[in-house]
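Listed below are the structures to be examined.
There are two complexes below, and they share subunit A, which is joined by subunit B in the first and by subunit C in the second.
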Partner chain A sequence: MENCYHCGDACRDTTIVRKDKFFCCQGCKMVFDILNENELTYYYDLESTPGKSPLEIAGRYDFLDNQPIIDQLLEFDEQDTQIVSFTIPHIHCSSCIWVLENLNKINPAIKTAQVNFPEKSIRITYNSSEVQLKELVLLLCRLGYEPNISLEDFNKKEKKIDRSLIYKLGIAGFAFGNIMFLSFPEYFEVDEFWLHQFKNMFRWLMFAFSLPVVFYSGRGYFESAYKGLRSGILNIDVPIAIGIAVLFLRSTLDIIMDWGTGFFDSLAGLVFFLLLGKFFQQKTYAFLSFERDYKSYFPIAVTQLMQEEDGESAFAKAKNLSTHEQQTPVYELKPGHRILIRNNELIPTDGILKEGTALIDYSFVTGEAVPVSKVLGDKIYAGGRQQAGVIEMEVTKAVEQSYLTQLWNNEVFSKNKATTFENLTDQISRRFTIGILSIAVVATIIWLFTNPFTAFNVFTAVLIVACPCAIALAAPFTLGNMLRIFGKHKLYLKESSVLEQMSHIDTVVFDKTGTLTTHRQNLISYEGINLTDEEQTVLTSTLRASNHPLSRALYDMLQDQGICTLDEFDEHTGSGITGSRGKISVKIGSPTFVGNQAQMNPSTNTQVHISSNDQYKGCYIFYNNYRDGMQQLFSNLNRTVQLVILSGDNNGEEAFLKTQLPANAILKFNQKPDDKLQFINRLQQEGKKVMMVGDGLNDAGALAQSNVGIAVSEDVNVFSPACDGIIDASKLMDLALFMNLSRRSIRIIKYAFVFSLFYNLIGLAFAVTGNLAPVVAAILMPLSSISIVVFTTISTYLIGRKITP
Partner chain B sequence: MSIIYLLITVSVIVAVIFFIAFVYSVRRGQYDDTYTPSVRMLFDDELVKPAKKNPEIQSENNKIQ
Partner chain C sequence: MKKEVTQLHSRLKQLQFMYDQNQDQECESIQLYFKTEYAQITARLKTIEEHQSRNNQFPQFLLADVLQTAGILGMYVMV
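And then the complex of A and B:
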């Protein structure tokens, strides 16, 4: 079998040959033709099979004709220059960057296109008088780079990137270097004439450089310390802020009174190292978003059917109710509106099916792989994706009030988790600060009796040397490193505090569908009378002709059985398909369609029934396919945590799950999204630290409520609800290991604390004896910081090697 | 030895110029995406292509390059 030159898929059903190259479908061939015409075939030389088969797009972007919507999407709009940014999930290789940045070769109205690869986004500058936004999007779609335009882009505010940490770090580093260079002469204090001459200038220059360090770079520490004190917490920033303030005041006093050079370089170095730790901790995954809610998946606009009342008489009205389509932003949908949902479009709100057959894929919401059929008059819930043709529905609820979206009204979504959690560093700092202050006071009192002048020196020296720089660095570097190691192994955590929370978890709650089972494949088994070879062949050929997702899944399993040309094929939407060849005619579909009244299998699983020549044969049953290694994962986890399974499904698979789970695990079925949230809330009130592992939008509440919410994702670029971490589905089975490693990293931090306390003791020995010269501080402080960084980096690297790639 | 006033002034000015360049480059967003430019710089030469040739030969040539 040949592989497609464009997308690399096996050419299974149809093979199109063009210029000695094979293509799996018309779509792929068309992309090749477009690129070939525009001499952009270099695309295929950069990477082999870089492309993606373009999807059917008819009508899907009609909302881009609507000027108010365009205005919302444009970043910049002036005369003949328009700028727009899109997220394109398919961007994955250098070929993608190249072809997208050469869009102007295909359409000259595009001025420039710039790809941001880590963010998987493209920024296009174009001239709207020559090319419409819709044409632009369609061009991208035709190339297989379908942009992701969702409700989230609507009303998008100017993106504000916070770069202040880089500025602060830059200023601190700049001042640190310059101050060090200016303070060097006096460190090698030799009684030299010229040194005395310029001493004052050097000192005041150092003072000038230290001003921005204290008042700009170090400002965050003062603010945080103030906030902490006001709410009665002695966080780590309190001793740091005291340290910075004392360093600055003592040094300024030193140079004013001509007592010495001051500690300006220690001051700048301290702030620089602290900010470096902060910067390091701030690992972000540009291509991931942890804040997504339903808005990221919902369309901006849907096709609304408007009824024109143009007839004069009531009779004409009744007869000629002509309708026309209009693109309406989804926020403007009201109950009573009629909307049109095309194939592959998402259903934005709850409604009632009015026309067509609905086959809705709810995998975004529940994780359930098998689509659900709906008939006229059925209620359709928001969040599903229509899979079979066009349907019309009547809206019953506004978007924010739908069954799915009202979950986001729960206050848990407006709470900030991080603020309610006291981290390890702050816990230590509470005792540390009190200890240091009492040492400083005691030492000062003792000196007051022996030498009152040294007493002031000792007091400031203790506060300077005790500044917990190394302690403050231990956590950021350990956690930052682990975050990177986890990221390399496809567990992406939102921030380092999540890792710390992970180490405290004692209860792990799993969602069932989509989390423990896979989205993609189903286990299919056949029950009934065996089919003859001929019947099998006809069956397979009939399935092949159908586009129904269940048919495709069955065909994928049966395709080895050979195919033949059918004499007849018919598709009865909503009930099934028929195919015949020679004497054999098969019917595939619902039990009533194939004529099976007697044997109604009460099982709750999805079934496809088969009959041959009107004689009932049996049915294929689709089972949830559990991920491999699940039992192992459960037994590993059970050593340290309590296991819970919360499922939105019925208890059809309870018996099977019980065989997989340890005896003390809790199983709950028929849980609505809100029930899951409340269940976790109850656990937390019992004092449990809960981790939720889920996948769909229906788990979003539980993920937000839990201490650590981990979303399982088959493709991390495409879908995940708001959470604290995203784990690649293939790595879910390593969850126990990840949790183990998070506990080990906390242990590393504790060792690092002991290590840095040791340095503090040496420093204190200098300080309380009144011997802390600036040069001692200048050596001791960076030395302790650097050795902590080295220690944590090496230890995290060593424990990180435990994860097998 | 008063030359040291001049030397210090000059060195501080040079340092400040670099510092301003740093702030300017951060503000322009030059550090927002540090990956794509590293790939993009490898393309430029390939953009110039001989006019209309048989695409097969063309792609062969590119492979050899």
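And then the complex of A and C:
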């Protein structure tokens, strides 16, 4: 069998030959022709088989005729220049970048096209008087680069990139370098006549450099400390803010009174290192989004069917036929509206089936892969994808009131987990701050009786040297490093606090379908009377002709049995298919359809029944295909956590799961999205720290409610509900190891705290005895920071090596 | 003493002028000459500074001007 020159798929059903090259479908051939006509075949030289078969898109982008929608999508619109950005999930290689950035060779109305590879997006500048936005999108679709235009784009606000931390870091670094440079002559007591003349100027310059450091770069610490104190929390920013304030005031006083050079270099160094820690802790994955909700997946507009007021025929009225179509933004849909859903389109809101045959794939919502048939008058819920032609439905609820979107109204989605979690640094900081303030007061009182002038110096010196720079750096560098190591091994965490929360987890809840099972391969077995070779050939050929997902899955398994040309083929939507050749006629579908309800297999798994010449033969049973290594994962996890399985499916696989799970594991079936959320809530009320591992939108509530929500994704670029982390499905079996490493990371932070406490004790020895010279602080403070950074980096590197690539 | 301060100031100005004239030449002898001359002037200035702090023989601003000029020239010559 030949492979397609464009997309690389096997040419199964059809093989089209064009210029000595094989193509699997007309779509792939058409893309080749377009590229060939425009001298863009270099596309195939950069990468082999880089393309994707263009999908059927008839009518899908008609909403781009709607001016308010166009206005909403355009980033810039002025005279002959329009700019628009699209996310294109298929962008994956250098060929994609090359062809997309050369779109202007295909259509000169496109001025420039720039691909953002990490974000899989393209920014196109074009002239709308020569090419319409819809034509532009259709061109992308024809090339196999279908843009993802969702409801999220309709509400998108201009993205503001917060670079303030970089500016703060830059300013602190610049000031730190200059102040250090200006401090050297005094530190090293350079006995140069001319330098001595500049002493005062240098001091005031240092003061000037320290102003933006304190009032701009360090402002966040004062704000955070103030907020913390106002809420009655002694967070780590309290001693830091005290340290910065005392350093600044004492140094300013030093130079005003000509007592010395002050501690401006220590001040700038402190802020610089602290901001460096913050910067290091910030790890973002441009290609991932941890905040997706239904808006990212819903269409921006749908085809609304409008009743013509005048001229409508009695027949149309009687048959309730619609007479013209209009593209309506989904937010404008109201109960009573009639909408048209085409094949493969997503249903944006709840409604009732009015025309056509519906076969709805709810895997997007429930994780259940088998599509559900609906008949006229049946209720259809939002989030399903129609898979059997065109249907008409009547809207019963507005988009924001549909069953699926209601889930997002739960307060759990507006809760910020990070703010409700007290991290290890803050816990230490509480005791540390009280301890340091006590030492400062006691030391000052003692000095007041012996040497009152030194008492002030001692008080400020204790607060300066005890500033918990090293403590504040231990967590950011350890967690930042681990975040990168986890990311390299395909567990992408939203922020470093998630890693810390992971270390406290004592209960892990798994969703079943899509999480423990994989959609990629079906496990299918046959139970019944063996089919003859002729029957098998007719069966395979009949399956080949059907587009039903179960038929496709069966055909994939049986295709080696050979095919023939059928004399007859018929599809009975919602029931099954029939095919015949010569004397053999097969029926494939439900037990009722094949004519033998009595033979129904008692298994709760999905079944496809077969009959030949009206004689029942048997059935193919579709089993969930569990991921390899599941039992080992459960066994590893069970050493430290309680395991729970929450499944939206029936309990058909309970017996099998019990063989895989430890005896104390909890199994719950028939769990709706809200049941999952409530179950986790109850566990938390019992004091459990819960990790939820799920995949579909049905898990979104549970993922948000849990202390740590991890979404499992077969392709991290394509789908993941709002969560705290995304794990590549191939790495799910390493979850126990990741959790173990998160606990070890916390141990590293604790060691680093002890290490930094050692530095603080040395500094305090200088401070309480009244011997803290600026040069001592200038050496001790950066030394402690750098050694903590080195210690945490080496330690995390060593423990990170335990993860196999 | 006051006269000596004025003379030292003139000498510093003169040296500064000479430095400006020769700053594009990387002649080691000239550099050495400036350093030697500068060291002599600053040694004398230190002595005057000490006297002045004890005796306050002339207005302070006079010495401050000279020290400022010496500081700037020092930065050119010594760095």
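Structural remarks
The criterion applied here is as follows: the second predicted complex is superposed on the first by the 786 of 805 C-alpha atoms of A that agree within 3 Å, B and C clash if a C-alpha of one lies under 4 Å from a C-alpha of the other, contacts with A are read in each partner's own complex, and residues count from 1 in each chain.
Operating definition for what follows: a residue touches a chain if its C-beta (ideal position, glycine included) is under 8 Å from a C-beta of that chain, and two chains touch if they have at least 3 such contacts.
Only a predicted model underlies this, so the values are computations on that prediction, with no experimental measurement involved.
Residue contacts after overlaying the shared chain place A:94 against subunit B, while subunit C stays out of touching range. Contacts of A:20 after superposition on the shared chain: subunit B is touched, whereas subunit C is not.
Within the superposed three-chain arrangement, the count of touched residues of subunit A is higher for B, of the candidates subunit B and subunit C. By the touch criterion defined above, A:449 lies against neither subunit B nor subunit C after alignment on the C-alpha atoms of chain A.
Contacts of A:195 after superposition: subunit C is touched, whereas subunit B is not reached. In the superposition on chain A, the residues of subunit A touched by subunit B in one structure and by subunit C in the other are 194, 197-198.
Contact residues of subunit A toward subunit C in the complex are 192-198. By the touch criterion given at the top, residues 1, 4-5, 8, 12, 15, 19, 22-23, 26-27, 29, 31-33, 35-36, 39-40, 42-43, 46-47, 49, 52, 55-56, 58-59, 62-63 of subunit B touch subunit A in their complex.
Taken in their complex, subunit A has these residues touching subunit B: 19-20, 36, 39, 41-42, 44-45, 94, 97-98, 101-102, 114-119, 161, 163, 166-167, 170-171, 174, 178, 194, 197-198, 201, 205, 286.
On subunit C, the positions that touch subunit A within their shared complex are 42, 45-46, 67-68, 70-75, 77-78.
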